[in-house]
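Which chain is which? They are A, B and C, in the order written, and residues in each are numbered from 1.
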Amino acid sequence: MEFVALSLDFLAVVIGSLGGSLFAVDRKLDLIGAMALALLCGLGGGLLRDMIMQVGDVYILRTGYAIPASAVTAAVVFFLSSPFQKRPRLIEWIDIFSVALYVAAGSGKAIAYGLDPWAVILLGMLTGVGGGMLRDVFLGEVPRIFQKSNFYAVCAILGAIAYLASSSLGFVGFWPALICTIVTVASRRLSLRYDIKSPSQSDLHSFFGGRRDK
Amino acid sequence: MEFVALSLDFLAVVIGSLGGSLFAVDRKLDLIGAMALALLCGLGGGLLRDMIMQVGDVYILRTGYAIPASAVTAAVVFFLSSPFQKRPRLIEWIDIFSVALYVAAGSGKAIAYGLDPWAVILLGMLTGVGGGMLRDVFLGEVPRIFQKSNFYAVCAILGAIAYLASSSLGFVGFWPALICTIVTVASRRLSLRYDIKSPSQSDLHSFFGGRRDK
Amino acid sequence: MEFVALSLDFLAVVIGSLGGSLFAVDRKLDLIGAMALALLCGLGGGLLRDMIMQVGDVYILRTGYAIPASAVTAAVVFFLSSPFQKRPRLIEWIDIFSVALYVAAGSGKAIAYGLDPWAVILLGMLTGVGGGMLRDVFLGEVPRIFQKSNFYAVCAILGAIAYLASSSLGFVGFWPALICTIVTVASRRLSLRYDIKSPSQSDLHSFFGGRRDK
């Protein structure tokens, strides 16, 4: 059980870092840039959560393997990126699971420290998608999750709510995390399959009969 | 008295969030983007202060209504932005009061935790204008307060100094906050009326008889 | 001894702030922008370290002179930038020493709080080059240290490793800091003299016989 949890945790760090360093390679950054984006994507969401929670329990400092796992992943991707770039669908699937695992970890930690439901949802979501948001901010771009897209952040919010609800209903152990993961992954897959997008104002205008922006 | 303080605090959160979500609508971000900018503008300055102070007393986590008030404001603005966009002068006035209230809250907290005067001024100013600064950083832009403008950050600094001075002179209760608010709002209105701007180097060059940049 | 340490510390703050405010002048920011970049470059790396470490020991709040020294440096540079702009090589040398001193300070603090080696290296490097990274992020640019360049961040990492190694080997007092400083400065000078650059993927492609990007 403990071993399963640790393996999932380790997997989430590696996958998040993988995505970050592929991004850096795509932008022609150097090895330091690849490591920096790997750390941001793989560990940035949890770090943001810990910097906000301020309970002195910082995941990346306490977990001995987090920083080296992320840095080594970045180095491997940097020197051998081709095999990963040829499997975009695999990366996409694994990315969705990685986000789901982070949402579960973030929501669980916020509940464990007795925070109220709104804070649990905010911190659960931030742990899941905060790394990608920081990556965009560090690249000087408007974070993708702020833009019209296929429900990336919305799925993270749904996952955090699912964790919170199942936890309130008396589920214990790894059940809330499992339910959270299923909700996050399923809602994301559905939004991709049926091309459901979060609305931006121009959609609303046309929906309400207003003038549509070009 | 307690009720007045809570109402003012609640009002500052709502107004800050209102400004942030209008900004998001203007940039055609989606609902998540509107909520994110609302949280950044409404609660980001205080969060930055708390992340720096590290006294384990995080406003957005401790105050149950802060996160939902900000998120609900964003949702209302997102679906019904027109009435707000038609009243720019009202928004401007309320924004100035919102910044002033935040400066008072930030300076007061820094003094309450026994920080020295320089830290009080820095944290008071950051609480007031840090949210707008973060908003600009997240949009990949140079923060407006770093650029030549009508004294936005300078007024926040004057307000923090006013809080500090009145507190040192023995004023207690809500008096320092009131004096801080008056100084912040008055200096901002004066700088707008007489079009007083913070200098940039090119002004200095022309002032000192140097070559003016085009 | 204590006096020497304080003087070096003070010097590092002033030099970092000097570099930040010259950057702001170059970008035609106003006085607030100059002060903000001075604080980011002079104190941002250490602040980032302290916000991550969360031990409630925040350098800029605890050290009475840090904030005013940075702000006053910014004001002096803003009104009298010419003498500094005419000595780019002096600024460059002093900048290298400033980074080295920060790496030593960051590594030392991380070791003092019992963090593991990976965290020491990460925090030592961040203290050294985090300020410049934050400066770029706040200007909406991709941090220079993420891009192909002369080993800026790599030298900081080497310095942190040197501190860690010499400390593990039993060196005490100011010896680890001295060794760290020598390694950081020497590796940086060597990389500049022989134009050694960190690789980006396009270099690897040509090295491995792949297609070179234009």
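Keep this in mind: a contact is a pair of C-beta atoms (placed from the backbone, for glycine too) under 8 Å apart; a residue touches a chain by one contact, two chains touch by 3 or more.
Chain by chain, the UniProt names read as follows: A, B, C = Glycine transporter domain-containing protein.
Worth saying up front: this structure is predicted, and the values here are computed from it rather than measured.
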item	value
Size of the rotation, in steps of 5 degrees, that lays the CA trace of chain A over chain C	120
Same vs different contact residues, chain A with chain B, by half of numbers used	different
Cα-centroid distance, chain A relative to chain B, in whole angstrom	30
Per-residue overlap in chain A, given as positions that touch at least 2 other chains	51, 54, 56, 137, 140
Of chain B, residues touching chain C in the complex	51-56, 115-116, 118-119, 122, 137, 140-143, 145-149, 153-154, 197-202, 204, 213
Residue ranges of chain B touching chain A (in the complex, touch as defined)	24-25, 27-33, 36-37, 39, 47, 50-51, 54, 56, 58, 60-61, 64, 67-68, 71, 78-79, 81, 137-140
